[in-house]
Amino acid sequence: MWERDFQVPHSAACSIEFLAAKIQGSIEGSCAGLVLTGAAPLQDAQQGEVSLVDNEKYLAKLQASPAAAFIVPRNFPAVESKVLIRVDNPHAAFIQAIHSFRPQRTSLAGGIHPQAYVDATAKIGENGWIGPGATIGPDVQIGARTRIHPGVHIHAGTQIGSDCEILSGVVLYENTILEDRVLIHAGSVLGAYGFGYKLVQGRHCRTAQLGWVHVESDVEIGAGVTIDRGTYGATRIGEGTKIDNQVQIAHNVRIGKHNLICAQVGIAGSCSTGNYVVLAGQVGMKDHIHLADGVVVGAQAGLMSDAAPGQVLLGSPAINQKEQMQIFALQMRLPEMRKQLKQLQATLDQLQASQRDSQAMSSGDAA
Amino acid sequence: MWERDFQVPHSAACSIEFLAAKIQGSIEGSCAGLVLTGAAPLQDAQQGEVSLVDNEKYLAKLQASPAAAFIVPRNFPAVESKVLIRVDNPHAAFIQAIHSFRPQRTSLAGGIHPQAYVDATAKIGENGWIGPGATIGPDVQIGARTRIHPGVHIHAGTQIGSDCEILSGVVLYENTILEDRVLIHAGSVLGAYGFGYKLVQGRHCRTAQLGWVHVESDVEIGAGVTIDRGTYGATRIGEGTKIDNQVQIAHNVRIGKHNLICAQVGIAGSCSTGNYVVLAGQVGMKDHIHLADGVVVGAQAGLMSDAAPGQVLLGSPAINQKEQMQIFALQMRLPEMRKQLKQLQATLDQLQASQRDSQAMSSGDAA
Amino acid sequence: MWERDFQVPHSAACSIEFLAAKIQGSIEGSCAGLVLTGAAPLQDAQQGEVSLVDNEKYLAKLQASPAAAFIVPRNFPAVESKVLIRVDNPHAAFIQAIHSFRPQRTSLAGGIHPQAYVDATAKIGENGWIGPGATIGPDVQIGARTRIHPGVHIHAGTQIGSDCEILSGVVLYENTILEDRVLIHAGSVLGAYGFGYKLVQGRHCRTAQLGWVHVESDVEIGAGVTIDRGTYGATRIGEGTKIDNQVQIAHNVRIGKHNLICAQVGIAGSCSTGNYVVLAGQVGMKDHIHLADGVVVGAQAGLMSDAAPGQVLLGSPAINQKEQMQIFALQMRLPEMRKQLKQLQATLDQLQASQRDSQAMSSGDAA
């Protein structure tokens, strides 16, 4: 039986001098011949490991850490009795260190696994990989160096460009188009029917769902994302756009280029966005609305209408962030406003009473 | 190598006269012998293609389109220098046109694929299809003409009716029941355990999860939907109900007939709905509440209590839409109300002061 | 052809005396020799079946039910013309009854199914099960008695402890760690890349995604959950925590021990929680915030900042529940407050006018 340590293994130890040379860093502190056994972030780093501290504000955490050495920026303050490796770009250096201790696993396998199913009419590009349990339907075309992981299901007529990576469990319905360098994480579904029904004699009848999904180059799609096909043509995701996990994009939607769409966003049918739009987590968009270039929407917002270029929106229903923040603040003051209203009423009642008295007196005088 | 055009191919060109005859349309404009090469929606249509314009309000877009011809309603205005095909039902005609140029891919394969796994005790109906990579457990029963796509996993004792379609990646836990003509899109999961725990000595212990999911006839379920089994019996989805992508339905829920449940809705345990209920996107329902027949709930609403027949609800917590709209409007006026309060206070202070003065004067007079 | 009854079958009938003896109950009512044919919850129970009534408040439903007998608490009132079986623990007894009539299906199969793919370098523990269509990558280690259902995809270097159960369609990316007795429901994805990008010359460039997911013992994860890998190290789920369906947990998150995280919650990057935290459905958490031990968050809340031990939070943006409830109540009174403001204004205007008049009179007097 193997060792049950529940640790991701590090492949090889090295001297601190070896690592410092590799990442072009300068060592500070007494540590000649120190052997480093791994690299880990500050909160996880153990004795013998090198860690990363990219900002002075983590100084206390550095001092409390058992790590053997710390990769820091050139201008980081000196820390007594700790070993520092000063570098120009701490993150880049730390990434190199991780790669050095724990080489990334990349399946080197190529070709079509014998436990994959590839239809006889499908065309697979050079140096591609089709993993075990993947199924590739009729007339599918897959470009060079594209990697189809185990258990991906690609339906008839789908076209995939070069250098794409499709993770396990992804389903691409018929006629899906992915251009080049598209990355799709596990369990996402592209091309299911749009949610379109007509009520006929008391029953919801599905309307035509004849379109497909078209994903342009350099798009990355997270895990568990669903993008429905267009009604007659394409639902389209623009070049360079990145989509986080569990996002729902309905039929006929057109996402622009270089958008960032965070987790659990829901975009209803026929919406469109310009370029460089940012939607934070759990945002919802009503159908048929358009967000112009550069619109930014805060988390959990509910968009009910079009937005102009560069607008920053917040709340449900969403309005301009600045006004929404003011309204959120005033909602917190509702108890105070209520109290104030009561006091005003009381004061006014008193005032009216005293006025009535003085008028009565005046009348009395007059009498 | 194949042509990399990232287009969904059209199979065959035809003359405009041929198409017009097929869709029973009358041609208007000079176009004798015009050859049409495809059909596409207005925003996508290219030279040589026929498009659809179902409403006069898109007249400007029609005029700007390079499409060769446009399917329009009989009463559409004439458009100079454009070719129209007038028909009774533009959508039905356009669907026919699409089918003509781009026949829908329907896998004609039948039978059990050799790369599927079907347990020896499972019974598969006539003219069914089990795709490669699908797995069918013990005692499963599948009706006639039901299509199980590649990579579907059906656990022991599940019963599926006739003419169902189960898309790739769907998982049906043990004892799931699907009646006839049920459609389930890719990646949905029916029958996982309900989220029920009891705290015992500081640890959450799972309660009994002995039930199953029962889906009545003509239900359609989107992609990435999760429906948990009942505790002791069925979680049930009523006949003709349609469920969009990424909906979560918890244990013991009873959904009525002909509901429409939009994307990303979450329904907590033991809720129930009547017939013809509509839940818009991202709605959440607290556990154990009932929505009567015909209730309609707006997007992102949070339901905390029962709703009467036909109620229209909005907001979180949800109340009647009409009142909620008024409250939303008043929230927008909170800055104004705050200002008004201050002004009232100032006016009142002034009034009090002047009254004090006049009383002081009166007292002075009296003195 | 088989019988199409769309019922989950009951395996065997038994006499009421037999069942009562089994569940240590005492029978009440005239029923000698009564044969029971199944067990079902109150709303589903048919003639001949035994049901459960755990609370007097369901007395009317009991009286209306066609069930043959009812398992009730010892102190339940007598019900004329109905047969009761009084027991100490009605739920435990009903679970026994269900098991008696409908034995739970547990696949007895062991070993590696010939239609699974297991890399030659993977190590599988004793008495484990790898179902058909599952794929196990290089250097994977799986502990004793762990059950990998059909169509699970486990990537290189993943380590799984003993007595785990991984349902169909789950994807574990490279280097995932699951300790002992972890349960993951169908379609969940652990280890996809975090959503981290840097804008370089107008394009979003992915930052390093070198970490993994570490799930401690006795964690249970629902269906369709996504948990992203850490940037450099682990995204970690603490011992005994339970996660419901469609929850999204981003990179570098640290969930404490014995949390309950309900359906459709979204937790942004680098958040952390203490022990015994409860998040209700559809809650969203902003990145980099910490919830201390015992924090409880209401459904659909949006957390924007840290929370102290035991805080109960509600709303979006979330504040203390007590204050939020007050503010929700005052929002409902906004129309009334608005009206009151107008009345105050009118009264004040009137008062000012009358004061001006009396001053004018006084001046008149003085003149």
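Here are some notes:
Order of writing sets the labels: A, B and C. Residues in every chain begin at 1.
In this section, contacts are C-beta pairs under 8 Å (C-beta built on N, C-alpha and C of every residue); 3 or more make two chains touch, one makes a residue touch a chain.
Just so it is clear, the model here is predicted, and its values are computed rather than measured.
Taken as a graph of touching chains, this assembly is complete, with every chain in contact with every other.
Residues touching across the chain B-chain C interface largely differ between the two copies, under half of the numbers being common to both. Between chain B and chain C, the centres computed from C-alpha atoms are 23 Å apart. With touch defined as above, residues shared between interfaces to two or more other chains in chain A number as follows: 115, 133, 151, 169, 187, 224, 246, 264, 282, 300, 316, 331, 337, 341, 344, 348, 351, 355. Interface residues of chain B facing chain C in the complex, by the touch rule stated above, are 115, 117, 123, 125, 133-135, 137-139, 141, 143, 151, 153, 155-157, 159, 161, 169, 171, 173-175, 177, 179, 187-189, 192-193, 195, 197, 202-204, 206-208, 210, 212, 214, 224, 226, 228, 230-234, 246, 248, 250, 252, 254, 264, 266, 268, 282, 284, 286, 300, 302, 316-317, 319, 323, 326-327, 330-331, 333, 337, 340-341, 344, 347-348, 351, 354-355, 358.
Chain C meets chain B in the complex at residues 1-2, 4, 6-9, 39-41, 43-44, 52, 91, 94-95, 98-99, 102, 104-105, 107, 113, 115, 131-133, 149-151, 167-169, 185-187, 218, 220, 222-224, 240, 242, 244-246, 258, 260, 262-264, 281-282, 299-300, 316, 328, 331-332, 334-335, 337-338, 341, 344-345, 348, 351-352, 355, 359, 362.
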